[in-house]
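Please read the structure below before turning to the comments.
First chain written, first letter: the chains are A, B, C, D and E, and each begins at residue 1.
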Amino acid sequence: MEPAISPAGYAALTILLLPLAAAAFIAFCTQREGERSANLSIGAIALGFVLSLGLFAFTGDQAVETNFNWLAVGDLHVSFGLLLDPLSKLMLLVVTGVGLMIHIYSRGYMSGDRSFRRYFGSLSLFTFSMLGIVLANNLFMMFVFWELVGVSSYLLIGFWFEKNSAADAAKKAFLTNRVGDFGFILGIILTWAAFGSVNFAELNSAVELGGRLADKSAGFSLLAEPLGKIAGGTQWWTVHPNVLVTLVGLLLFMGAMGKSAQFPLHVWLPDAMEGPTPVSALIHAATMVAAGVFMLCRIFFLLNIPGSHALEFIAWIGGFTALLAAVMALQQNDIKRILAYSTLSQLGYMVMAVGLHAPGPAMFHLTTHAAFKALLFLGAGSVIYACHHEQNIWKMGGLRVAMPRTWWTFRWGTLALCGVWPFAGFFSKDAILAAALEHNNIPLFVLGVFVAGLTTFYMSRLVLVAFCGNARSEEASHAHESPGVMTWPLVVLAVPTLLAGAVGIDAYIGKLFPGEHPPHNEGFLNNLFAPFNHNVFAAGFGLLAVVAGYQLARALYVNADRDRLPEKIGVLAKLARDRFYFDELYEWFISVTQETLARVADWVDRWIIAGFLVRGTHGATELFGRALRLVQTGSLQTYAFLFAAGVVLVLAWQLLLQSPAH
Amino acid sequence: MNVGLEHYLTVSAMLFCLGLLGVILRRNVLVIYMSLELMLNAANLALVAFSRFNENLTGQMMVFFIITVAAAEVAVGLALIVALYRKRQSAHVEDLTSLKL
Amino acid sequence: MSLLSAIFLLPLLAALLVLCIPRNYKFVIRLVALGATLASMVLALTLFAKFNAAPVENGFKFVEKHAWVSVSTLKLDIGWHLGVDGINLGLIVMGAIVAFAAACVSREIKRLEKEYYTLLLVMTGGILGAFASLNLFFFYFFHELALVPTFIMIGVWGHGENRNYATFKITIYLSLGALIALAGLIALYIQSGANTFDIVELTKAVKARPLPLAAQSLIFPLLLFGFGILVSLWPFHTWAPLGYGAAPTATAMLHAGVLKKFGLYGLLRVGIPLMPDGASAWLEILAFLCLGNIVYCGLVAMRQKDLNLLIGNSSVAHMGFIFLGIASLSLVGVTGAVVVMVAHGFLAALTFGLSGALREKTGTLEMEKFGGLLRQIPFLGAALVMAMLAGCGLPGFANFVGEAMVLFGSWRAFPLVTTLAAWGALIIGAVYMLRAVRNILHGPEKSEWAALKDASAWAKVPFVLLLAALLLLGVWPRLLTDKIQPSVAAILTMANAKTADKAPRPGDVKKAVDEAKQRAVQPR
Amino acid sequence: MNASLIVLELAVVVLGLVVLVQDWFTPAKDRRTLGYGAVLGVAVVLLYSFFAFDGTETLYAFGNAYVLDGLALWFKRFFLLAALLVLIMATEFSDSFESGQSEFFALTLFALAGMMFAASANDFMLLFVSLELITVTFYVLVSFLRRRVESLEAGVKYLILGALSSGFLVYGIALIFGSAGTMNFNELADKLANNAGLAHKQLLMAGVLLVLVGLGFKMAAVPFQIWAPDVYQGSPTPTTAFLSVGSKAAGVVLLMRLLGTAIPDLAFNLEKLLMAMAAGTILYGSLCAIPQRNLKRLLGYSSIASAGYLLLGFAVMNRAGSSAILYYLAGYLFTVLAAFTVIAVVVKEAGAEDISALGGLAQRSPLLATTLTLAMVSLAGIPPLAGFFGKFLLLKAVIAEGVRWHAYYWLFAVAVVGVLISLYYYFNVVKAIYWSKGATDMTPIPVSVPTRLALAVCIAGMLWLGINPDGALELAVEAVKSLKLA
Amino acid sequence: MAFPDILFYLFAFLTLLFGALVVANPFSRNPVTSAMFLVLTICAMAGLFVLLNAFFLAAVQILVYAGAVMVLFLFVIMLLDLKEEQRRKINLFGIVTGMGSVLGLGFLLMRTIWGGDLEQAANPSVIGDTKALGLELFTKGQFLLPFEIVSVLLLVAMVGVILLSKKELK
């Protein structure tokens, strides 16, 4: 039953397996040749990028599935399946393209590290996993690669495992992701239990059919029974299908929450900055964290089942994350952390977009964000590299002179992030704001605009403090431009940062979600002005927020040698700096729940089961034995008496109690 | 009431119990051994009585063997007691407690 | 000697051979042990390769049958009957591989080698024999044969101050379990009316005439708890971490990896199919006891300071998934349970092997004392990381496939338990596994371990082997599941024979949707 | 009258006399050869038993007082084999006797003759006389080490309690005779079958119970077990071994005859009593052994527990149970004799009987260590050794009865508890051999060739009965054929 | 009451009285006393035997028991030079429980004996004189074997006694 594989399928398979092969080869075959490892890794992803480009260019919009029967037991059929459709092709480009730049950049950034080989091995493993998510054609496979992404990010974040902070951050990232995955797998199980399939296409047709038929949630009513069992114990009652579809949606969303670091599972992302900076660029800006959003887009039809309220929830979570992260970014001083919170905030935008029934804009923003955020991270890396691993922006300053190429590209990235026309970020953010307006969700629109202002504010703060003014430390004053292997990727990434907004990505994605209002690709120049034609309010308010944010920042930070914001906003600044105490809160929560449970379980195990019950039985038996043994006094008289007593006992038992009445 | 089997058996049983009492209560090994002889004699009495009232000489034959065996047993037993007495200078059962627990 | 019997008779014969070698020829003794286990591994792999899924009568292949004890006046008929189906095939192969790995890591033994290798070989033979036997008597016989060396090995070559207590605890606990199970098996023999221990015959007899309910409700709990104790079913689990903590490496590998599966295998082979009604009353309780394993023991593992105790508790926790899968009585769940049985065998062997190697090198397993070891021992460290990740259910390793299948399969029967089990699998497992990695391998390097050497090339062999097995099955699960499925299906047909399950199954929905599609296409 | 049936016993008695007489002509230093001669003689008799009789038909002699059937023959061979191994042990041990080596051999042979007669007893008179022959001989054998006060003390204890039990036995025989008017087992069975009133006679039941007391004493069954630990500990090791195998088996075979031949129609009434006795015996033996440190005493308790397992077979009172008893006994023979042989050597070497004397045995003599380990494992009932299959058969018989009456399940539970507890102390011994600390003396222990042979026989027996039970079980089943069992 | 019955009661009374005095003599705790009363008990029993027509056994009882066995006892007592048993602390608990169990046994035996199970010939005619017993012993096979075994037993006893009481060691 193995279907014939199309050339595109082979290409996709090659793209997927190349990095794995590279990782395996690095692990087993290169001993100390770090250079060769790097080249292998870069070669694999470069080839992948070329193939992705080819796929993008030469295959049509028709989805192509390639299935290998991976597991088939009973009702559970899981194929190792690759799905090529516009969504995955776009993501392929993003992952391999941005990834390629980051790989190249890493060669420079990581040169001299004693675990160079391991670095590239892990990087390739990560690429493989990420591509797996992108290409997966069913939920199960997606989960498989989802987990693999988690573990490879664990390896990369904990790359410098000798540092306690890095080791802890890796652990935290993995565990937090696991919490999300917990929901994800339950969601998958529920979906499977309802529809009997995990394949996207099959699920989609089932949902569509359910929508067309009178019975709106054909599969989901079946879930009522086992769910009722949870809720009602012995009572079998029917849960309303709407509750069920919402629940499924939310459980699946939990996966995205973990990977895309949405509130309340956002805490791992800032800590993950302990990894090498290119890793931050790859994982925590362009790809891994985007996986959640990608997944939401992939399963949008499941979230969008009539009767489901999951999307509303998702939108609000996204919006809240965007706001929360932006506020926290205001008071960070570590250059990478600022970018990390900014990433959080932008991911919030994307998730919000999905929640606003606008997966297209979400993907659009994901794409542009991947480019400019990677650029920003790599730029930050360049700065850090130049400043001898100094990451505090208050110890930098004046870098624009010393590092011209970094400065220019970084500034472009910032502009794109803030959403300044005509940078790519403007278009994608605008699409999201427009979607909010279209769904008449004014609160979220206001929130979006406000966050846009905050974004401009903190990014301007970063740029003004780190690059402008005077050098505030020894390292900063001696900084000079990074080598070409690091700066050229910046330049390359600057191109999409400038242009990606208007090349028609939104239109390309729009084809996937025909239910929405797909924008049309009307040529580059037309696209350039499309936002203003399409929804002038969104564009206008967006730009207004940028201006306001920048003015505020300028007032506070031009030539500043310390942060004067805390004086203005008081306690909020402290809250923002201390990340609203989420880490402490979680730590407390975990210690009162899980750790207490563990303590109790351990205590019960040690004292009740192993101690009281087992040792008690043992002790009682031994005691009994010792007591019984006292009968053997050694005294013949006692023996004789016991013997006689035994005889009497036997006689009495048999003659009195067991008298042969029958 | 005519003296019958019951009466002999009663005597025998009582004698048996007396012997047992001696075994349990006396501390001198020799006396204990004598009490054991009482018990055997009680059995002999019962056997002879049964033999008589069941009209069957087998019981008496049994007594014959019991007496013989008892004689042998007594010989060995007394030799043993003598040997022990030589070691311990006592024939008291309380002194026989090197083996216990 | 047929292929199947050669697999386990070879180690037993080698044990006799070792007995005849003078004790000074340590190298020869070791060579014989290695050779025998290697040969039996190769044979097992051959068996695996030769096994095809084509259906046969009774479902067993490579059948070998001889009379052994047959006394008609006593209605006693015990025959030598071997055979494999999809369920024990994987276990035999896994056992043979683990046995070879165990023989490899036995280099740590430095005294009484002759006795040690004899016992190791006997244990190996016993384990494999138990899984190959289709006669309940030999099934039990070989299990016991393997069990005693376990005890003695822990006692003689074990570690730690708790060794004595651990030895006695494990001895008495496991013997209790075995005896209870024996009671169940004998009762089954008698009450089935077939007067046979032959599994095939028993199955036939029960198919023709199901056991009376009273008998079922007597025998099933005996088997459940007897076997349950052997498998460290909560709350009868406390022997396991303690025992494994004290055991010499190879013993822990073989016992935790292979021998422990005996009870599960027995439950699956005998308990579930022959006593469906007895089982139905207990499976729900079993499902909740699983949580004791998965969640509770997972939590306990979180508190451990000693690596072996941690692994021991985690091994107990993993048993919960197998129980859950079995309790679900669904094709997916039970197949998954069998996959976990095999996968956990490799995993447990791997983790105990690694911890043994670590102890051999450092003399301790207290996690607090370590730190940053990954730098000194990159191979062992990497293998340990992989083992730990496999232990918390990472895709790519066989455990994930099995555990996921268990979760998928048991959802319908026990949604709440499944939910909590998923929590245990994904989060609690990850917490303690990563904590171990963090404490041992990560963190600043410590000066006292600066001189630590990584494993030599030969010492890597067992770990590479086990990892490869885990990865292979993780990447290509059909290798196993396609063989397991028909056998499990046969068992479930019996298990579900009586009580027709009225609850709709996932497949039904798909069917309904397909039908609706058909209707939708038709013109109105 | 077919007097030729007693040829085996006769041969043994003559052998004993020859040993006694030959003693005069043998210088003190060569007395060992007498022991080997006795061993050889017993071996010849044992071999001859296979040519002379096949046990397929039931033969009577001496006015039906003496029976030679499968059961008798089985037990005669059992006793011969036990005596053979005990004699080897005794020959090795004879250095410790200040005097009377040859008398020890001769007395062992006379006791053997007593056991063999007991195996054929079909009459209460023969039962009594042969039992007394065993007992009286054992009085001497137990107190043989008259230099050691323990030995004498054990002798006196055995004497008094043995005589006490004889007293009960005799009284019991008297009561049976009184109520049934016969001493012959067959006649008693006939009368019971034809006279329903007889079965209800309390007098008969009381007699049976008192005989049971006497036999229970021999078997060391609760509540008549009290002598066993003291006597086991105090006796010379070969005596202990013979006591625990031969004397116990004599009790077993007589109880079998009593229940299976003499009062088959009454035996059912004893079911509960035997169950209670079995349970009590198992628990008592197992529990008391837990803290025990003296090896011989430990085996004394273990022997009590074993009596309990044997009683399980009596409690079920059917063919399966009886054949299981035989099988168990056969395994017990090899196992216990192996254990005692090792202990005899070790105790001689170490001069102490404490369990710690085994320390370092694994290094000092791997053969002894292995043998003792196997013996303990077999006693604990673990495959592939004899003890396992024996216990398996017994337990199976018990569970089979559970269908009829659920109390048997509880009996099984008690047995399981006993097995578990016994594991504890058996493994304590294994532990002492292999991993006890503080063993200082590491000199190798020499083991003589005959002892090696004896050990080899024991190991072979343990393994053979454990691995290939078919033939032996068939023999056991054949042997109990003559009993009137369900 | 017939004369034999009176004799029965007399001998029975004497037997039990002397028997009791063997076990517990309020005047003397000397084993010699016990031994002497045992002789008397045996003699009284011989009387009962005569009443039961067991003439041979009555003679044997006196000859073997009172004659040989008891002499042996006395020899040993003299040999050991046993003093009067010192009055040690009386174990009241032991006495009570011991009496209890003996009384229990007595009760059970009595209950059995008087339970109505006994069958007895109305006019028993068996006479156990020497001839009858001799014929019985030497003509009936069933007694032959025990007889021979007893001879071995006696041999064993001889050997045993020599072994145990030999003073010097070879």
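The working rule: contacts are C-beta pairs under 8 Å (C-beta built on N, C-alpha and C of every residue); 3 or more make two chains touch, one makes a residue touch a chain.
A quick note: this is a predicted structure, and the numbers were derived from the prediction, not measured.
Within the contact network of the assembly, the step distance from subunit C to subunit D comes to 1.
Contact analysis places B-E first among chain pairs (by count of C-beta pairs in contact).
For this pair, subunit A with subunit C, the centres built from the Cα atoms lie 35 Å apart. For the pair subunit A and subunit D, the distance between C-alpha centroids works out to 75 Å. Averaged C-alpha coordinates put the centre of subunit B at 26 Å from the centre of subunit D.
The centroid of the Cα atoms in subunit B and the matching centroid in subunit E are 6 Å apart. Residue positions 94, 98, 101-102, 105, 108-109, 111-113, 118-119, 143, 146, 150, 153, 156-157, 160, 164 of subunit E each touch two or more of the other chains. Within subunit D, residues 125, 128-129, 132, 136, 139-140, 143, 146, 156-157, 160, 164, 175, 178, 181, 183, 202, 206, 229-230 each touch two or more of the remaining chains.
Residue positions of subunit C touching 2 or more other chains, listed in rising order: 172. Pairwise, the chains that touch each other are A-B, A-C, A-D, A-E, B-D, B-E, C-D, D-E. In the complex of the two chains, the subunit A residues touching subunit D come out as 621-622, 624-626, 628-629, 631-632, 634, 636, 639-640, 642-647, 649-651, 653-655, 658-660. Against subunit D, the residues of subunit E that register as touching in their complex are 108-109, 111-113, 115, 117-119, 140-146, 149-150, 152-153, 155-157, 159-160, 163-164, 166, 169-170. Within the complex formed with subunit B, the subunit E residues making contact are 2, 4-5, 8-9, 12, 15-16, 19-20, 22-24, 29, 31, 34-35, 38, 41-42, 45, 48-49, 52-54, 56-57, 60-61, 64-65, 68-69, 72-73, 76-77, 79-80, 82, 85, 88, 94-95, 98-99, 101-103, 105-106, 109-110, 113-114, 118-121, 124-126, 128, 132-133, 136-137, 143, 146-147, 150, 153-154, 156-158, 160-161, 164-165. Considering their complex, residues 319-320, 323, 362, 366, 370, 373, 377, 382-384, 388, 392-393, 395-396, 399-400, 402-403, 409, 412, 416, 419-420, 423-424, 427, 430-431, 434-435, 469-470, 473-474, 477 of subunit D touch subunit C.
Listed in rising order, the residues of subunit D touching subunit A in the complex are 156-157, 160-161, 164-165, 168, 199-200, 202, 205-206, 209-210, 212-213, 217, 222-224, 226-227, 229-230, 269-270, 272-273, 276-277, 284, 286-292, 421.
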